[in-house]
Every structure is written in structure tokens, then in C-alpha cells.
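Right, I'll just put the structure down here and ask away after.
Chain lettering (A, B, C and D) follows the sequence in which the chains are written, and residue indices restart at 1 in each chain.
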Amino acid sequence: MILVLSLAPLLLGFTRKTKARLLRRRGPSIFQPYRDLLRLMRKEVVLADNASWLFRSAPYLIFAATWVAAALVPTFATGLMFNWSADLIVITALLGSARFFLALAGMDVGTSFGGIGSSREMMFASLAEPAMIMIVFVVALIAGSTQLSEIAFHMLSHIELRVSYGLALIGLVIVAIAENGRIPVDNPATHLELTMVHEAMVLEYSGRHLAVIELASALKLLLYVSLIACIFAPWGLAPHGADFRGMAFGAVAFVAKLAVGGFLLALFEVSTAKMRVFRVPDFLGAALMLGLLGTLLLFVSRSL
Amino acid sequence: MGTLAFDVAHLFAGGLVLISFMLLYQDRMTGLINIFALHAVVLSLSVAWQAYVQHSPHLFLTAAIAIIFKATIIPLSLQRIMVRLRIHRDIEVVGGVGVTMLLGICLVALSLVVILPATAAADPLAREDVAFALSVVLLGLLMMVTRRNAISQVIGFMSLENGLILAATGAKGMPLVVEISVAFSVLIAFIVIGIFLFRIRERFDTVDVQELDRVRGGGR
Amino acid sequence: MSLTVALLSIAALLGAAGLAIALARSVEATRIIYGLCFGFSLILFVAAVVPRGAAALTAALPLGLPWIGAHFRMDVLSAFFLAIVNLGGAAASLYAIGYGAHEKHPSRILPFFPAFLAGMNLVLLADDAFSFLVAWEFMSLSSWALVMAHHHDAENRRAGFIYLLMASFGTLALLMAFGLLAGSVGGYSFADIRDAAHGPSWKSGLVLALVLLGAGSKAGLVPLHIWLPLAHPAAPSHVSALMSGVMTKVAIYGFIRIVFDLLGPPEFWWSMPTLTLGAITAMLGILSATIQSDLKKLLAYSTIENIGIIFVALGLALAFKANGMALPAALAFTAALFHVFNHSLFKSLLFFGAGAVQGATGERDIERLGGLIHSMPRTAFVFLGACLAISALPPLNGFVSEWLVFQAVLLSPSLPQWSLKLLVPAVGVALALSAALCAGCFVRAYGVAFLGRARSIAAKDARETDPWSLSAMSGLLALCLLAGLFPSYMIDTITPAAKLFVGGHVPTQGDIPWMSIVPIAESRSSYNGLLVFVFIIFSASVAALIVRRFGSKAIRRGPAWDCGYPDPSPATQYTGSSFAQPIRRTLGNVAFVARDHLDMPPPGDTRPARFGIEVHDRVWDGIYTPILRGVEFCADQLNRMNYLTIQEYLGLVFIALVGLLLVIAIWP
Amino acid sequence: MNGFAVQPVDALLIIPALSALILAFLSGYRLTSRINLISSGAVFLFAVALLFSRPAADNYLFVDDLNVVFVVLSTFIGFTTSAYSASYIGHEIEVGKLKPTHVRFYHAMYQSMMFAMNLALLANNIGLMWVAIEFATLTTVLMVGIYRTPEALEAAWKYFILGSVGIALALFGTILVYMSAEPVLGEGYDAMVWTSLMRHAAAFSPRLLNVAFVFLMLGYGTKVGLVPMHAWLPDAHAEGPTPISAVLSGLLLNVALYAVLRFKMLLAANAAAIAPGPLMIALGLASLIFAGFMLYRRDDIKRLFAYSSIEHMGIITFAFGMGGPLANFAGLLHMTMHSLTKSAIFFAVGHIAQVKGTQKIANIRGLTESHPVLGWGLVAGVMAIAGLPPFGVFMSEFLVVSSTFARQPLLAIPLAFGLLVAFGALLLRVIGLAFGEPSDSFGEVEASIVPLFLHLALVLLMGIWLEPHIAVWFQNVAGMLG
């Protein structure tokens, strides 16, 4: 758990750095996020007059839910402690509850931008979740389980190439992009009022609250990357009860995967432009269709 | 004897049907009433004949009732009512006489078709009696349907009852209860109708039933 | 024993109804009657949960159909539902002790409330068709009277009309179904029906269709749901809670009782209408809920959604059972019953909350609420909990049952029939979509009603509700949490019913370490609500501690920043309808032909700009309006018969006579 | 019970006849109404006594399981109605709608109608039965016209014309039955006496019986109020005094139905004759559905319930047409329940029309608020007549629909449809009447609510707990009906 926590900002920073590099900018150091967080920690909190207890407790809950979710994903070793306590659906749902609180917090102060953010976020979510479930469906069909470590183990044990994999992978990537509010769905860097989604919700946050939330979103990014990694590229995961070397190897592999993921993400973001809010549903609908297609193809291939 | 009895009964019954047709055809009030009187007379004759044939004297009573009430009292009082209501010279429009006649003939045919095969068991006299009675009933009903004037409706109704009596007498040895009941009911019916006509007279200037229908309560 | 107790307390409830009529004048009537209801419901609850032998208890009274008598039977299924009903009933009574205080005409509610409870209980215990239907319709009738309690509002009268009409339509459908099951000899007791040899496939198919119509119309299955969003809000809130949280469950019970118990072994295609209708119901229900601005209507629509989920689970159970796959069937069945239980909890809670809000502000329209979290914090807290639960968020109970449903859905590929193979994933998507939309819907409801700034005076100076209501609500919330943390106990409670009706059962959960639940096998999937809960609490507190320890603790209150355009008037907040706008535009335009009209005057024109939303209920337009038109038309046409003259009437007789004589004449 | 000087059977006829004579010469409203009440009560007692001691059948009168049902029922309703009419007519006199002479006439007619009905029910002789029914028609005609308003006269006139035509057709049918029996039983009474007719029905000429049944069905069906011979019924119910509406719905229709049933049994006993079922089923369904739709456009409260009577007569005829133990049982039960409930409804309606001073549905609102007792009574009555439990009508409708659906699904569909249509209309109206802002009312009336709630209580009781003896008894009758 500590590991993911510590790595998350690094991934964020790395992504930003690469983006900047790709744009021929020098860009901030990859450790910049840590500094931001620490600075925010020290700043005092400016609280809107009619902010309620919900507003103040939300960041911690969001953070906690995301953190638990992230900790449930086998990062560098399968069969981590308590992995069995939840499966992929639970992870989705945990992120869902984090989102729930975030959206509520966005509406708590009673500003127009908060509302915009929450409503759009919920719309995206309402389309992203079915897609996610479809992907889970595909994966569960193949691996016969929704337990991540089981899935990873199964993937490791019999490597096979299937169309459905590809479809599911694309779908998952789309979902990940949408969920993390990256370009083209949302722009994490913008504060241009009418285009922001995630930023709009956290608009009223400041100081340590903001820090916690930023950390949580960084965690979320990490979570998705490691999720993709664990499902579609489970190589190097240390098996259950492996010795220290295996663990270390797994860790290295994990970091490498993160780097690759972050690089690809940056590449993608640089190469595309943000789309209009009402085109996002089509974008996510595509993911949903991919998932469905995956299942059907799977049936076909099974029946053959 | 058998054939003679049969022929006479046949004659009367047929005559009754014929007069029903005349009723159907007649559109003058006064004429209508006279024809109805004739109807009643013929009825009483046939009843009397049946009484003679069947050796059942109580039927003569029925005949008497018919001749006294239906042939005499009712027509007279109806005349009085009409004079009182000043409609005795009215000529009631009967929609499409030809059509009505045609319909009547079809009805007669129908009644024959219905009754004759059904009563194969009974003796011929009763058979044709009932058959004609049915046609008289149907014609009376037809008259009630086609006439707009209350009086002619009443007359239609009474010709219908005549048909019933014809049937009742035709049925051999039907106990007295029925005749009395019929006469009784006709009596009551007549009285009630009379009361109604007077009441109606108090309210409306015509006995036209459609006037009555205009004042219906309820509806929308 | 417990059956006797149950019957006695039902009789006592009816007695309480009579007492209410007697006490109509007294002021204390409210407390007395609701107190009695509370007590008897608790007794019934206990009678339902006390352990019994495996065998079902039966009793027969010399009532009802003379040559059959009234049979009553308490088996695991009816006991389970009995527990749910009376839990809800007790909560509602407790709530009403406080809530009923500001009722203007208590005499219009008090007599019918106990009768309603008694009716629902009787349905669950009835063991012959006649008693079942009597209880069923009695339930409808008494609840109708409660819907008509506030009869001055024309809208409520309309709701009552549609409600009772649909209810008796459903009863007629069930009646026919029973007629078909009982056969022409009239073996109406369930025992006879069970023993009776089951007829050809078309016959059981017909029965299934009729049951879907009958039970579906009561449960609120699309397209028979129209009465529900009208009637549930019309009733007083504690009654709405009962109707939405409990009565719909009684309808589910009826469906299970007939289809799983009386109708004999299922065929696989039975599941398809059930699944399809369930999925459509779930989607349409939650979509309609999302665009509602009347809080209680919103809740009613979300009830429809949950009914859809339950029917999907039942359909899966049917499919698996028909294919002899006992374990998955048991899983789906368990999920269904579990969701029944959960929904009865949090839906009652939500309606209580809505009632509290209405009592405090006199408003049901969320667009005129807001900021209640400040004025009524406790209500806001419990309502939040209920929203989390119904949005299927861990670690609360709503999530567990939906998780089980998904597990069942994930098992569908092993079904042999291709049609099902292809149908079930689509249904799964529908479920996921409705679950996600549900979260959105309740973020909207809670955010607009409780958060932000007050949009009306009434909302600004609202007061916290009375302790009775609060205790009822908190109790339900606690149950939600417990059911979420220790689902294994619930599942084990349901297991015997699953054994009885689908012939299999999920592995016993009680003895699994760490109290986690494993529906099929450890390797497949498992969930541990308690652990997740502990983790979240732990990490949240850790985070809070660390931040407190190292970060600054300073807090400055200031005006909202709002990107530099703060606007003091609450009207500038994001409203419910604007919150729903993305959904309206993406999904609503398909489901409701929803359109936004913006009428923006040109610059210099002083006319105010207008924004309108137009939403069509396709079900209503497509099915009910034509029916209404047809009835109107026939009524008008036939009504001409009222204005004929006497001749024409005689003519009718004449024609009838001649016609019949013709028939006789041509008769061979 | 045999200790009585007169046989109960004779008493059933003598008492009303005598009191009719007495009442014809007495005036003074209090006294006459009390006499009316007493004699009806006595008649009811004798009818109950009939349950225990049954005389042997003779050529004129006889008693068997079937007509005892009808006798007890009709005398009971006659009794309660006379109790009700005491207060109702009292109010009518106060407001001057009726003159004392009319009242004298009214009571005399009431008793003679009771006489005629008992005679019709007890008659062992088809001719006698016919006479009695004719007489009953005439008396009711006079009572319908008693208000002498144009509407009343028109209603009475219509009733009279249609009724007499129907009666005439029935007579023709009766004659035909005699003719068909005469070859077998020989001339004279035997050929007109139920007991002997039933014994030898198998030997009669079937085709003649068919023709006869057509006439009898249409003739007596007119009095039952079946579509298309129903036209007299709504007006007669609406324009007469409300007690008479109650009696018409509660008694007269049953008596006519009784006649139809008798002849149906006759045909059923003859294998070669066409089954009477289909005709009854057709007429029943027609009446049900037609009346169901007609309910929607009524704006007169008494016409509304008159049409509902047509609807229920349709259901009952349908049930008897279906035949078989279940359906027949249901038919009998439904008839009993309908009589009780419908008369109860008319009791309520009469007082409602008096307190509101109008019969227009549109002008009556919010009864449960302005007059809770009457209002809730009406609601309960309508719910009962609409066949909602726990009232007794539900039991019969349950049996009819379910057994029909089990035997002839295609027949059950229109049946259920008609029930639903009619229910919709009734519900719509009763919601309008009983709820909403109360409309202003004219003066109060000392309502006699005892009969109303007595009937409702009976219906409720029989809906929940049908007394075993009654059940067995009905089952026997259902068996008789075949």
C-alpha cells in the first residue's frame, strides 16, 4: 500500500514531464508533484461559508476509497495480503464511491461550476461503468474469475492471443482515460471554466484538502495503469509466496510497466485534442460496444 | 267433420292474419280502430269455433270476453279518447307501406317455417293455429315498431294479445287459468294505458311518443 | 405455534383498524394506533424469525370458500418475506408515531394503516388461491384508501383511480392464472395445485404471462408501472415507504410463489420475458427517476428500477433452474431475495427522509430545497447513508446484492441456450448502466436537496424532525450497514428458501474465515464487506492523522471562490434539471423524446428568456392513451343507445326475436 | 312451525294481499308505513319458516330448494326496504314531493307487489307464474309513475310498453311449452305444472321447446333487463322513488331470472333440445359489456347504478349459462350478493340525493367529508358491487371468472374485459362522488342507516365466511340447475 502511495505522484510527474518533452518544453522535474503536495499541505484551508461537514470529510473518504482500491490491485506480486477480500467489481465500486463523494463535495458549496463538474462526471461514470463491467465480463469469461490475482495467474499460465483481449484492452484504456479525466475527455491542466470536469468539482478546495484530493487522483491514475498491466501484461508478477528476489524482480517490472504506461498516456494525450462534452458519450459508448463485441466473439471462439 | 273443423278454424285464423295486415296498412285513426274491432270479432269467432270443436265450454267465455271487451268497449273508448284529444281525423304517416307489407309477409313465412316443423307431433289444427297466431303476434309487434302514435301502438299491442289468445285457444285443453289471466291482464293493461293516456293528455298536446322521448331525464 | 401467533396478531391488527374507527374523535388515537401497529409488527417479526423445524407450518380456518376453507402456511419463503414486511411495518409505525402528528385528518389514515399491514401479512401466509387473492386485493383496497387520504388534491384522486384500476387488472390476471392452475374442478388450495399434473407447455406459458401481468402490475414492472409513481407519492410518507419498500416485495413474493412453487418445473424460455422486462424496467425506471424533480416521485421511480433488478435476478434463477444448474440458480435466487431485503430497508428509509423533509419544509420539489444539511443534519446524515446504500456503493448492503447479481450474470455463459447466452450479457450491461445512473440520480437528489444553499424560505428555516422519526430512520440505517458488513448471515438465512425452490444452495458462508462471502468458490470471486470497511476507515483516519500531524490546521472561512464569479443568490446554483441535462441529452432523448427549448430574446428585447423541457412518457403515450381513447370512443358510440325512442327499442326487441327465430328455423 | 294455523306458504300470499287491501283504505303516513313494515316483517318470518316446514306440491303452489332461496332473499329485502322507505317517504312528504293520497297508494302497491312476487316464486304452474309476473309488472309500473313528473310518466310508459311486450312474448312461450307437454301429459293441469313437467321433460318435442325457449328468454329476459331489452330499466330505476329502485334491482329482476332458470332447467332436462347455455351466455356478455361502457356517460346517480344492475344481471345470466356446479353456485351467490349490495347502494343513494337535493353526479362531491356515514357507506357499497374483497361479490366473481377461464378461456377474456371496463367507470364516479371538495348540501335527513349497514354487514360476512348450511344448500341448488 505504501508503495503505491509513494509511486503515484511519481507517475503523475513522469507523465507531465514526458508530455512537456514531447512538446519540446523542458517541463517540471518529475518530482514536482511531491513538492506541490507538500506545499499544499502547509497552506491554510480557505473554506466557503456554507461548506458542511460533508465538504470537509469528503477528501479523506475519497482518498481512502481510492487507496484501498489501488491497494487491492496486485501491483508487483499476486496473492498479496487481503487480495481475496475483494474482486474487480469491488474495485470498480470503490472508485464509484470515491466519485460519489467527490461529486457531492462539488455540489456542497452551491456554486454553478461545482454542479457542472459533478453532473458531467456522473454522466461519464454512468457510461464508463457498464463498459468496465463488460470488460470484467470478458476477462471473467476467459479467466473464469473476477479475482485479479486469479486473473493474472491465469493469464500467466496460458498465454493465448484472442481478439477479445484486444477489444477489452482498448475498452479498458478508454475507460481509464475517461475515469482519470485525461485528454480527450477532460483536461487535467485546464481551468477554463466551461471545459473542466474534474477540476470544476474540486474548485472550492484548498490547502490540505486539495492535497489529499490530488493525491487521490494520482492514485487513481496509478491504479488504472497497474490494472491494465496486471490484466494484460502480467509478466514479472511475483507468484504467491515468492521469495524476496521474486518480489524485487516483480517490483522492478512494475515500475517499468508504469513508465511505459505513463509514456504511452502522454503520447496519446499529446497527439489528440480534447473533445466536446457531448461527444464523450460516443467515445465511451465505443468502449461499451467493444466490450459487448468481445463477449460475443468469445462465445463464437468458444463454440468453435 | 275433422276436415270441416279444420277448414273453418283455418279460415278464421287466416282471416285474423289478413286483418292484421289491414291494421298494418291502415293509416287513418278511426279506420284503424274499426279494423281492430273487426280483428277482435274474428278472434272471438275462432275462439268460439275452437270451443265448439274441442267441446270445452269455458272457451266460450273467452270468446265472450273478446267480443265484449275487445270488439266493443275498447274501440268505443278509444274513439272517445281520440275525440277528446282531437286527433281522430289525423292521418298517421306510415313509412313505406310496401316495405312494411313485404316485411309482414316475410314474418308470416318465418312463423310458418318455425312452427310447422316444430309441431309435427301435435294435431294439424293446433299446428296451423299456432303458426297463424305467431304470425299475428309478429305482425302486431311490427305494427308497434312502425307506428309513431301511442294509440296505434296500443292497438298493435292488443292485436298481439289477440294472437296470443288464438294460440292459447289453439292449444288443446289449456286450462282456464290462462284465458282468465289473459283477459285479466288485457283489462289491466287497458286501464293502465287509459290512465296513462289521460295523464299524458294533461301534459302534452299530442300523444306522440316521440314527444315523450324528448323529455327524457338523464343522458348527458 | 408461530403461525398461530402470526394469525392472531394479524387479527389483532384488524382489531386495531376497528379501534381506530372507534377512536376517530380522540386526539391520542394516533399514538395509540401506531403504537399498537408497532407492537404487533414486532410480534409478527419475531414469529417469523424464531427458528422452526424444516417442515412448513400449516393451519386451516373455516373461512373463505366453503368447501375449501382458508388455508394458511408458513414456509421458509413466507417467513422470510414476513420478516421483511413486518420489519418495514414496525419501522413505519415507529416513524409514524412522530410523523403522524402533523396529519390534518388522521381519521382518514388510522383505520386503514393496520388493515394494510394485515392485508400484506395475509398474502404471505395464504395457502389457497381464494384467500391469497382476497388478501391481495384487500391489500390494494386498504392502500388505495390511504392514497386517497389527501383527497382534496385532484392529482391524488387521479392517482387513486389509476392505482385501483391497475390493481384490479392485476388481480383479474392472477385470478385467471389460478383458474388455469386449479382447473375446472376448482382445486383452489395450493396443495392441490402443487399435486395437480401440469398441463401442456402453452398452458404454463399462459400462466406465466398472466402472473407477469398480475404480480408485475403490482410490483411496477414496465409497462404496468404507471400507477406506481403516481400513487406512492400521493400517500402519506410512512405509507409511501410501506407501499414502495414492502408492498412491491409482496408482489415479488406472489411471483416467486406461483412461478417457482406452483407452476412446476420451469422451461428455459420462461426466463426470457422475465429478464427482458426486468432489464427494461431497471433502465427506464432509473432514467425517469433521474429527470424527476419531485423527491417522492424520484424515489418511486427508483423503486421501479430495483424491481427490475430483482426480476432480472429471478429470471436468471429461472434460466439456471430450467437447465438444472442448481448452484448458479441458487446464487441468482439468493441475490434476488437479498436485494428484496436490502431494498425494503433503504427505500423505506429514503421515503422516511423525504417525509421528514416534507414535514419540515412542506416541499417535495428538490428545486425548492437545498442546504438542508445545515438545518436538519441528522436527517441529512441518515439520508446520505441511504443514498450510498441504494447506489450500490461498498461497504453498504446495496452493493452486496448487486454484486451477487453480477456474479450470477457472469455465470451465464455456461447456459446451453444461445438465446440466453446472448441475452444475459446485454441484461448485465443494462444492470451496470442502471446502477451507475442510480448513483448519478442520488448524487443529484442529495446534492440538490441537502447540499448547497437554500433555494426557498421554507428550506432555509427548516427544523430537525422529531426523535421518533429519527430513531426509525437510524435503526434502518444501522440495519443497512450491518447487512453490508456481515452479508454472510443474510445469505445463510436465504439458503433454505433457495434449497426449497431452486433445489440448490450456495456454500454456507457462516464458517468462512474473516466473514467474507464466497458465492461459488474462493478462486472465482469473493467479497468481504467488513474488511473493506475497516480498510477505508483505517486509511481515512490514517490520512486524516497524517495531515493533521504534518499539515497546517489553520482554517479560514471565506466566500465561495467559484472561479471568481461568486453570486450571492442561491438561484445561480446548479439546479436539479440542469444536473440531469447531460443524461437527458444522451439517454433521455431516446427514452422520453426529451427536448430542451431555449427561447432567447434578441439583444435589446426586454422579454425574459425562457427555457423549457419537454418530456414524453412513451409507455403512457404508446399504450394507455390509445386504450383510454378506445374506451371513450366506445362509450360515446354506445351512449347513443340511451336516446332512442320507444319504437326503436321495440325495434331492437323485434330484431332480436326475428333473428333468433331465424336461427331456430335454420337449425338442423 | 307446523303449529301455525296457516301453512307458511299460504301466509306468504295472504298477509301481503290482506295488508294491501287494508292499506288501500287507510291514510296517515305513520300508521301505514308501520303496517307496511310489520307485514313485510311477518312475511319474512314466514319465509324463514319455509326453510323448516315444506308443504307438498299441489297444482298451484310448491316449494323446493330453488325457489326457497329466492323467496327468503326477496322477502328479506322487501322487509329492509320497507323499513328504509319509512324514513325515505317521510322525507318526501315533508318536502312535499308526495301527497298523502299517493302514499296510501304507494303502500298498497308495495304490498300487492310483494304478493305478486311471492306468488310468482311459489307458483307451481307456468300459467300462474306468468300471471303473477304480469301483475308485479303492473304494480311496479304504477309505482314508477308515482311522482307524475314528465320524466316519471315517460319512464313508466316506456317500462309499461316494453314490459308488456316482453310479458306477451313470455306468454307465447308458455303456451308453446304447454303444447309441447300436452301430447305427453295429456290435456289439463299436468301439462302446466312444474313438478310433472320436470319429470317428463325428456319426452317433449325438442324443437317446440327450442322455439318456446327463445320466446321465454326474450320475454322474461326483458324483465331481467338484458341487453337489448334493457331500455326500460334505467329510467324506471331513476324516476321512481328510491325504495322502488331498490326493490326493482333487488327483487323484480331476480323473479324474472327465476322464471328463466326454471325454463332453462326444463330444456336442460331434454337432451334433444338445443342447450340454452349459449343464448344466455351471449345475452349475458352483451349486457355486461354494453352496460360497462354505458356507465361512463351517466350523469344521474340512480341511472348509474341502474346500469350497474344490468351489468350484474349479465354476469349472473352468463354464470347460469355456463352451467356446471361451480358456475351455478357462483351465479346463485352473485345474485344474492348483488341483491343485497345493490339495494344497500340505493338506500345510500336515496338519502344522498335527498341531502344534496339533486341526482346529478356532477353536483355531488366530497360525501365522505360532508356526510361521512353515508359517504363511506356508498364507497363500501360500490367497492362491494365492484367485486372487491372482503365483500361477497368477490367470491362469486372469483368463481365465475376462474372456472370460466379454466373451461373456456376465450369466453373469460370478454368477461374480464367487461368487468374491468365497468369497474373503471364505477371507480371514476365514486371517487368523484365521495372525495374532493364537498359540494353544498340542502338540509339534513334523519337517514335510516340500519338497513344500509345491515346489508353491507351481511355481504361482508358472507364474503369472508359463507355459513356452511347456506353453502351446502346453494350447492344442492346448483346441482339442480345442472
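We take it that a contact is a pair of C-beta atoms (placed from the backbone, for glycine too) under 8 Å apart; a residue touches a chain by one contact, two chains touch by 3 or more.
Fair warning: this is a prediction, and the values are worked out from it, not measured in the lab.
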Just the chain pair, please, that has the highest number of C-beta contacts. A-C
With centres defined as the mean of C-alpha atoms, identify the chain lying farthest from chain D. A
With centres defined as the mean C-alpha position, give me the chain B-chain C separation in Å. 69
Euclidean distance of C-alpha centroids - chain B vs chain D, Å: 31
Express in whole angstrom the distance between the two chain centres, defined as the mean CA positions of chain A and chain B. 99
Expressed in whole Å, how far the mean CA point of chain A lies from that of chain D is 78
Counting only residues that touch at least two other chains, what does the list for chain B look like? 114, 118, 141, 144, 153, 209, 212-213, 216, 218-220
At which residue positions does chain C touch at least two other chains? 639, 642, 644, 646, 650, 653, 657, 661, 664
Check: chain D positions touching at least 2 other chains come out as 157-158, 161, 165, 169, 207, 210-211, 234, 297
Provide the full list of chain pairs in touch. A-C, B-C, B-D, C-D
Applying the document's contact rule, which stretches of chain B touch chain D when the two form their complex? 114-115, 117-122, 126, 130, 133-134, 137, 141, 144, 153, 157, 160-161, 163-164, 167-168, 171-175, 177-178, 181-182, 184-185, 188-189, 192-193, 196, 199-200, 203, 209, 212-213, 215-220
Which positions of chain D touch chain B when the two form their complex? 125, 127-128, 130-131, 134-135, 138, 141-142, 145, 148, 150-151, 153-158, 160-161, 164-165, 167-169, 171-172, 174-176, 178-179, 182-183, 186-189, 191-192, 205, 207-208, 210-211, 234-235, 238-239, 297-300, 303
Give the list of chain B residues in touch with chain C in this complex. 107, 110-111, 113-114, 118, 138, 141-142, 144-148, 153, 209-210, 212-213, 216, 218-220
Please name which positions on chain A make contact with chain C in the complex. 1, 41-50, 52-54, 60-61, 63-65, 67-68, 71, 82, 84-87, 89-90, 93-94, 96-97, 99-100, 103-104, 106-116, 118-120, 122-123, 125-130, 132-134, 136-137, 140-141, 144-147, 150, 191, 193, 203-204, 207-208, 211-212, 277-278, 281, 288, 291-292, 295-296, 298-299, 302
What residues of chain C sit close enough to touch chain D in their complex? 62-67, 108, 129-130, 133-135, 137-138, 141, 148, 151-152, 154, 157, 160-161, 164-165, 168-169, 172, 175-176, 178-180, 182-184, 186, 188, 206, 631-632, 634-636, 638-639, 641-642, 644, 646, 649-650, 652-653, 655-657, 660-661, 664, 667
